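First up is the structure itself, then whatever we jot down about it.
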Amino acid sequence: MKLLLVNPNISTDVTEVMAAEARRSASAGTEIVAATARFGALYIENRVEAAIASHAVLDALAEHGAGVDGAIVSAFGDPGLAAARELFDIPIVGLEESALLIAWTLGRRCSIVAMTERLGTWFREAAREHGLDGRLVSVRALAAGPSDIARAKDELRDRLIAEALKAVDEDGAEVVILGGGPIAGLAREAADQIPVPTLDGVSCAVRLAEALVGLTPRPPERGSFARPPAKPARGLSSPLGKLIDRAP
Amino acid sequence: MKLLLVNPNISTDVTEVMAAEARRSASAGTEIVAATARFGALYIENRVEAAIASHAVLDALAEHGAGVDGAIVSAFGDPGLAAARELFDIPIVGLEESALLIAWTLGRRCSIVAMTERLGTWFREAAREHGLDGRLVSVRALAAGPSDIARAKDELRDRLIAEALKAVDEDGAEVVILGGGPIAGLAREAADQIPVPTLDGVSCAVRLAEALVGLTPRPPERGSFARPPAKPARGLSSPLGKLIDRAP
Amino acid sequence: MKLLLVNPNISTDVTEVMAAEARRSASAGTEIVAATARFGALYIENRVEAAIASHAVLDALAEHGAGVDGAIVSAFGDPGLAAARELFDIPIVGLEESALLIAWTLGRRCSIVAMTERLGTWFREAAREHGLDGRLVSVRALAAGPSDIARAKDELRDRLIAEALKAVDEDGAEVVILGGGPIAGLAREAADQIPVPTLDGVSCAVRLAEALVGLTPRPPERGSFARPPAKPARGLSSPLGKLIDRAP
Amino acid sequence: MKLLLVNPNISTDVTEVMAAEARRSASAGTEIVAATARFGALYIENRVEAAIASHAVLDALAEHGAGVDGAIVSAFGDPGLAAARELFDIPIVGLEESALLIAWTLGRRCSIVAMTERLGTWFREAAREHGLDGRLVSVRALAAGPSDIARAKDELRDRLIAEALKAVDEDGAEVVILGGGPIAGLAREAADQIPVPTLDGVSCAVRLAEALVGLTPRPPERGSFARPPAKPARGLSSPLGKLIDRAP
Amino acid sequence: MKLLLVNPNISTDVTEVMAAEARRSASAGTEIVAATARFGALYIENRVEAAIASHAVLDALAEHGAGVDGAIVSAFGDPGLAAARELFDIPIVGLEESALLIAWTLGRRCSIVAMTERLGTWFREAAREHGLDGRLVSVRALAAGPSDIARAKDELRDRLIAEALKAVDEDGAEVVILGGGPIAGLAREAADQIPVPTLDGVSCAVRLAEALVGLTPRPPERGSFARPPAKPARGLSSPLGKLIDRAP
Amino acid sequence: MKLLLVNPNISTDVTEVMAAEARRSASAGTEIVAATARFGALYIENRVEAAIASHAVLDALAEHGAGVDGAIVSAFGDPGLAAARELFDIPIVGLEESALLIAWTLGRRCSIVAMTERLGTWFREAAREHGLDGRLVSVRALAAGPSDIARAKDELRDRLIAEALKAVDEDGAEVVILGGGPIAGLAREAADQIPVPTLDGVSCAVRLAEALVGLTPRPPERGSFARPPAKPARGLSSPLGKLIDRAP
C-alpha cells in the first residue's frame, strides 16, 4: 500500500527526518511518499501556527493525495486532521492521536514529553479535542527547545530521556510518548533507557494507518464526516478550491 | 471606542448584515468597522471551511486591525478565535463564546438553534472547545438551510422561531441562542414570541467587547496567550507574515 | 442606568469600599447605589455564613430593589445569586461569576487568590455550582487573613500579589482573579506587578451588569428562573414576605 | 439513641407526616424528636424557598439540637445540610443524600420521581451539589402537584407510582426514589407495584443516621467542616447568634 | 440479623482478623459468620488476583450464603461485588464502597491510605468503577507492605498513621479511609491521633449492611441486577454451577 | 507472526466462528491459533459470567500462550483484559477496546449494537472501564437474542442491520460497531447496507494486534502493568498457579 506523509510545516529537512523514520517503521510492502506544506511557519508550536497549518494540510492533501491508500498528518498536534477526514475518503491519521490510541493498549497512565512549553500546551489541547486526554497524567516540557529543528533529536536526546524518566518517577506514567515529529525514532532508540513502553508519533501513525487501510472501512454517506456539499469558494489553491466548490 | 468586526467568510453581503446589527446593538460612542475574509468559502458550515477561515481571520486582523480597540470574530463557531488572541494584544471576542457567556447569567439550561445540521455539529464542537458546553441541553437544526445566505434571517424566521419553541418545550431550555452570524437581529425581533431570554451572537459580542475594552486588562507576558516568539514563515500575506517572522 | 450593589455581610465599611470601586469601574452614565445586609456575620467565609447571607441578599433586594436597572450581589462566592434571579426580573450578577466569565475571554488557565483557606473552599464550591470550575487550575489562600476586614486591601496587598505571582509561576495561571469584595481595586492597582491579566470581582460585575442591562433580555416565563407561584410564608421581612406569598 | 428530625418548611402537618414515618422506619431503641422551621414557606420548591430554608435549618438546629445524637434535615433537597455539618458536631443527614447513597448499593441507574417540575429541578441541583448525580438517569415530575401538601401522599399516590413505572420502562431505572418529605412512606407501601427497589428519603435518612451514630466518627479539627472561628454577627436568633459569635 | 463476611483471599488468619473487628463493630443483635475463598492468592493486590477473587467470591457466596440476611465482600477493592448483587437477592456490601459512602456524609475531600502502591492502584480503580472517585483527593501508599499479612495492622500502624497525617496536611483530606481488610480496627484505635474523621472498611460495611437489611428493599425484577436467566455452564463448583445453569 | 485467539466462553462452536473471521481479517503472514475457556458459561452476558470468564481467560492464556507473539481476548466486553496485560509480556487486545479505538479514527459519534439488553449493559460498562465511552452516543440492543449462539450471525442479521440503521437515523451515529464475538464478519458483509463505517470486534482486534506486535513496545518494569511479584496461591490450574506463585 502507498501512504502519503504530509509535513504541515515548511521545513523540507523535517520532512526528510520524518519520512525516513516512517520507512523504518513500516511493514514490508508499504510505500511512503512525502509532501511539505506550501505555506506556514518553520515549525509549529502554537495556536497561530497550527491554524495556518490546518489550512496548509488540506492544501497539500488536495495537491498530492491522488492515488494513495492512506495519509498521515505528520505533526504531533494533528493540525487539520478532522477537517481532512471530512474532505477525503481515504483513511487519515495524525501523530498524536495515533500515539494516544496505541498507548491505550499499554497502560492507564500516560505522559507526553514535549520539546517546549508551548508545544506542550498545544499537545494537551489536541488530546482534549480528540477526547483522549482522560489518561494523560502529565505533559512535560523542556526548559529550552532545539536550536536547529532538523537536528532536534540528537540535540535534545539526553534531556528528553531525562524528562521521560521523571514522568515515570514523579507522575507514575505507565506509557511515555515522545511528542513531536522532528524527534521521530527516539522512542525506538531509547527503549532500553526508559522502564516503560515508550512511543513516538510517526511509527504509531504508520502502523495504525496500515491497520486502517487493511480494514477497508467504507466512507460515510451520513454524519459530519460525509463529504460536504459544494459551495462557492475564492482565493484557494486550484486543487483545494476544486474540492470545495467543484465548479468545472 | 472602535471595534473591528471581521467576517470570516467571503460574502460581503453577510458582512453588511452583521455590521448593521452590530451598530444597532452598540452603546453610544462605539464605532463599528467591518472587514471580510480574503479567501475561503461563501459561508462556513463544517471543519474544512472553519479550518480555512481560521487562517483567513488571522489574515484579516493582520491587515485591518491597526488602531482598533477591540475585535469581533463574526462567525458563530468562532474560527481562529484562540489563535487571534495569541497574536494580537487587543480584546477579541467571538459570537458563540459571547452568547454562551451571557447565557450563563440568564439560566442553567441553554439551547442553540442552528440553520443546518452541519452548522449544529460545528457549534457543538466549538462550545466544547471553549469549555462552555456544560449547560448546553440541545443543539437544534433546521431540516434545510437558506437558499440565499444573505437573506437567511427573513427566509428562515418562522422555522427558527418554531425550533426555538421546541427547545423550550421539549428540551427545557431556559435560554435560547439563535446561532449564526447571518441571522443577527432575529433574537431581538422575536423576543415576544419566545417565552425565555433569547440571544444572538452579534449583539452579545458587541456588548461583551465593550465591557472588556472598558476593563482594560493588560496583555499577558506569560502563558500560552503571550505573543509567540518570531519564527521564519513563508507563503503568507505580507501583514500576517510580518507578525509571525517579524523579519524587517 | 442605575445599579444596586448589595453587600451580603453586615459591615457598612466594606459596603463603602466596594461601592467606591464600583463607581471607579463604571461607565459614564452608570449610577451605583448600595445596600447592606440587615442580618448575618461581619464577613462571609464559610457555608454557615453563606447560607444566612443568601437569605439576607433576598431580603435586601426586596427592600432596596425598586427602580434599579440591575443589581450586583457583592460578595465573592455569590450567596443567593441564583435565588435572586428567580425572584427578580432585572439582570443580577455576582462578583465571582462575573470574574470567571470575563476570565474566560483572556486565558485558559485561571487561578483565584483568596484571603483565607476557608474563603478558598467557598470560592471553589461556588465556581463548581456555577459550572465554571473547568478552567480553575488553582485556588490559593494566604496563611492568615486580615485583622480588619475593611482595610484588608492595604493590609494584605503584598502577600496577595506574592501569591498571584506564585499562581503564575507554579500553577501556570494565565489569568489571576483576586477574590473577595473587600479587596476590590487591588487588581487594577497591581496590574503592572503581575505578568498576566488580573481581575477582581467588583469591576467585572459592574461592566458585565452594564452589558446585560444593555442587551435587555426578556424575563423568562418558563423554566426554573421564571417567577415562582405565590405560596404562604411566615416570619420573613415584610418586603420579602410580600414577594413570596403576594397576599394583600 | 435520639435523633432530631428538622422540618425546614413551616408546615407542622408535614412535620407530623415525616416524624410518623421516621418512627415506623427506625430500629428499636431509636427515639425521634421533631422540630419545625420558625420562618419560611409552606413548602419548599425552588431556590428562593431553599435559600431561606437553609437559614431556617441552622436556626432550628441551634434551638432544638441540644442533647440529641444525630439529626435529619427533613426536606428532600437537603437545604442547609453542608452548613449544618460545619456548625454542629453530631452526625447530620439529609433525605436526598441518604436516598442516593443507599441507592448506590442497589443498582447503577437511578431515577427520582418528584411531585412538581420545580421540585425536580431542585432535586437535580442538590444531587449535583452532593456529587451524587452520576447515576441519575432521570428526574421525573408530575404535571401538577398536590392541592394540600399535608395529604400529598394519598392525593398523588397513583400518579407517582405511574411515573415510577415509566422511569423503569422508559429510562431503564434500576432503583427509584420517591422524592419529597411529604410523601414519606409511599415507597414502602408501593413496593409490590414497582418492579425494582424503591426508596424514600425519610426511611433511608433514619437508617443511615443510625449507622453513622453507631460508627462514632470523631468531629473534624481540620478542613472545611471543622467548627468555624467566632465572628461578630447581628440580627440572628439568640441560639444561632451565640453559635456564630460566641460572645458571652 | 445474620451477616456473612466473605474473605476473597485464601488466608484464614486474615478472615479471623476481619471477623473479629466486624463483631466489635456490629449492633447488638447482629451475628457475624465468616467464610474464606477456596482458591486464589494469599492476599489481593492487583488485577490478576482481583479477577480470580471475583470468581472466588461468587463461589463462596454460593456455598455459604444460605440463610443469611446480608453479606459483606470483605476485601477493600470489592472484588466481585456487582456480580454478587446480580446473582443473590440479599443486600451485599463491599468494604471500599461502604467506606466511601459513609465518607460522603463526613467531608468533601477524601483520602485512602493503602499498604502498598499496587493496592492503591486497585483501590483507585475500584472507586472509579463504583462511580465514587469524585471526592477522592488522593490515594496514598506506603513504600513497603507488611511482611506478614495477618499482622499487618500492628506492623504498619505507625507508618499508616503518619501517611494519614500527610493526607490531611498535604492533600487537604477532610476524611481519611484506612484501606485494606487486614488492618480493620486501626481507624477506631487511631481516632485520637488523626484530626479528621477516619474510617475503615469493615466497620462501615457492617453498619451499612445493617441499615440495608433494615430497609428491606425488594429484589429487582427488571434491569441489570435482576437475577439472570439460566444458561449452560461447565467446570464450576457444584453450588455455583447450580445457580447459573439451574439444571436439576 | 502468530496470534492466539482466546474464547472466554465454553462454546467451541463460537471459537470456530471467531477464528474463521480472524483468519479472513488477518494480513498475509499472520497465523491465528485458537483456544476455548475450560470453565464458565455457554456465552457471556452479565457481570456474573464476565467475572468467571476473567479468571478463565487468565487460565487459558497460561495454558496456551507459550510461543505466540500476541493474543486476543475474544469476547466483546473484554473480560480479564487488563489482568491479562499485567500477567503476560506480549501485546494483548480485546474485541471491544479494539473496535472503539479504531472507531476513534472514523467519526465522533459511535454506537454499539448488541444482541441483548444485558449484553448492552456489559458493553457500556466495559467501554466506561476502558475510558472509551466518551464518544458512545448509544448502545442499542435487540428485543430478543439468538436461539443458537453459534448461528447468531445468520439468525439475527436482518434485525442487527435494522438496529444499526436506527443508530444512524435516530442517534446520529457516525460509526457503528456490531458488538459480540459470535457475529464476527457481519460488519464486513453488511457494509453496503449501512451508510457509515461499520466495525466488528474480531477484525479490528486482529489488525490492531498486528500493529502492536509490529511496534514491539518493551514490557513495563514499572507501574501497575509490570509483572506482579510472586505470591502464595491455592486452588488454581497448574499453569496459572505457577505464573502467580512461581514456586518451583
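Each chain gets a letter, A, B, C, D, E and F, in the order it is written, and its residues are counted from 1.
Here is the rule we use: a residue touches a chain if its C-beta (ideal position, glycine included) is under 8 Å from a C-beta of that chain, and two chains touch if they have at least 3 such contacts.
Being a predicted model, the structure only gives us computed values, none of them experimental.
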| item | value |
| --- | --- |
| A-B, A-F or E-F - pair sharing over half of the B-C contact pairs | A-F |
| Longest centre-to-centre distance from chain E, chain (CA-based) | B |
| Centre-to-centre distance between chain E and chain D (centres being mean Cα positions), rounded to whole Å | 28 |
| Gap in Å, rounded to a whole number, between the CA centres of chain F and chain D | 45 |
| Multi-partner residues of chain F (at least 2 other chains) | 82, 224 |
| Overall pattern in which the protein chains touch one another (line/ring/star/complete/other) | ring |
| Chains in cyclic order, anchored at chain B, direction fixed by chain C | B, C, D, E, F, A |
| Residues of chain C that touch chain B when the two form their complex | 25, 27, 82, 85, 91, 93, 97, 101-102, 104-109, 130-132, 134-135, 168, 172-174, 191-192, 195-199, 203-204, 207-208, 210-212, 214-215, 217-225 |
| Chain A to chain B touching residues, read off their complex | 10, 38-43, 45-52, 54-55, 58, 80, 82-83, 86-87, 118, 121, 129, 224, 228, 231-236, 244-245 |
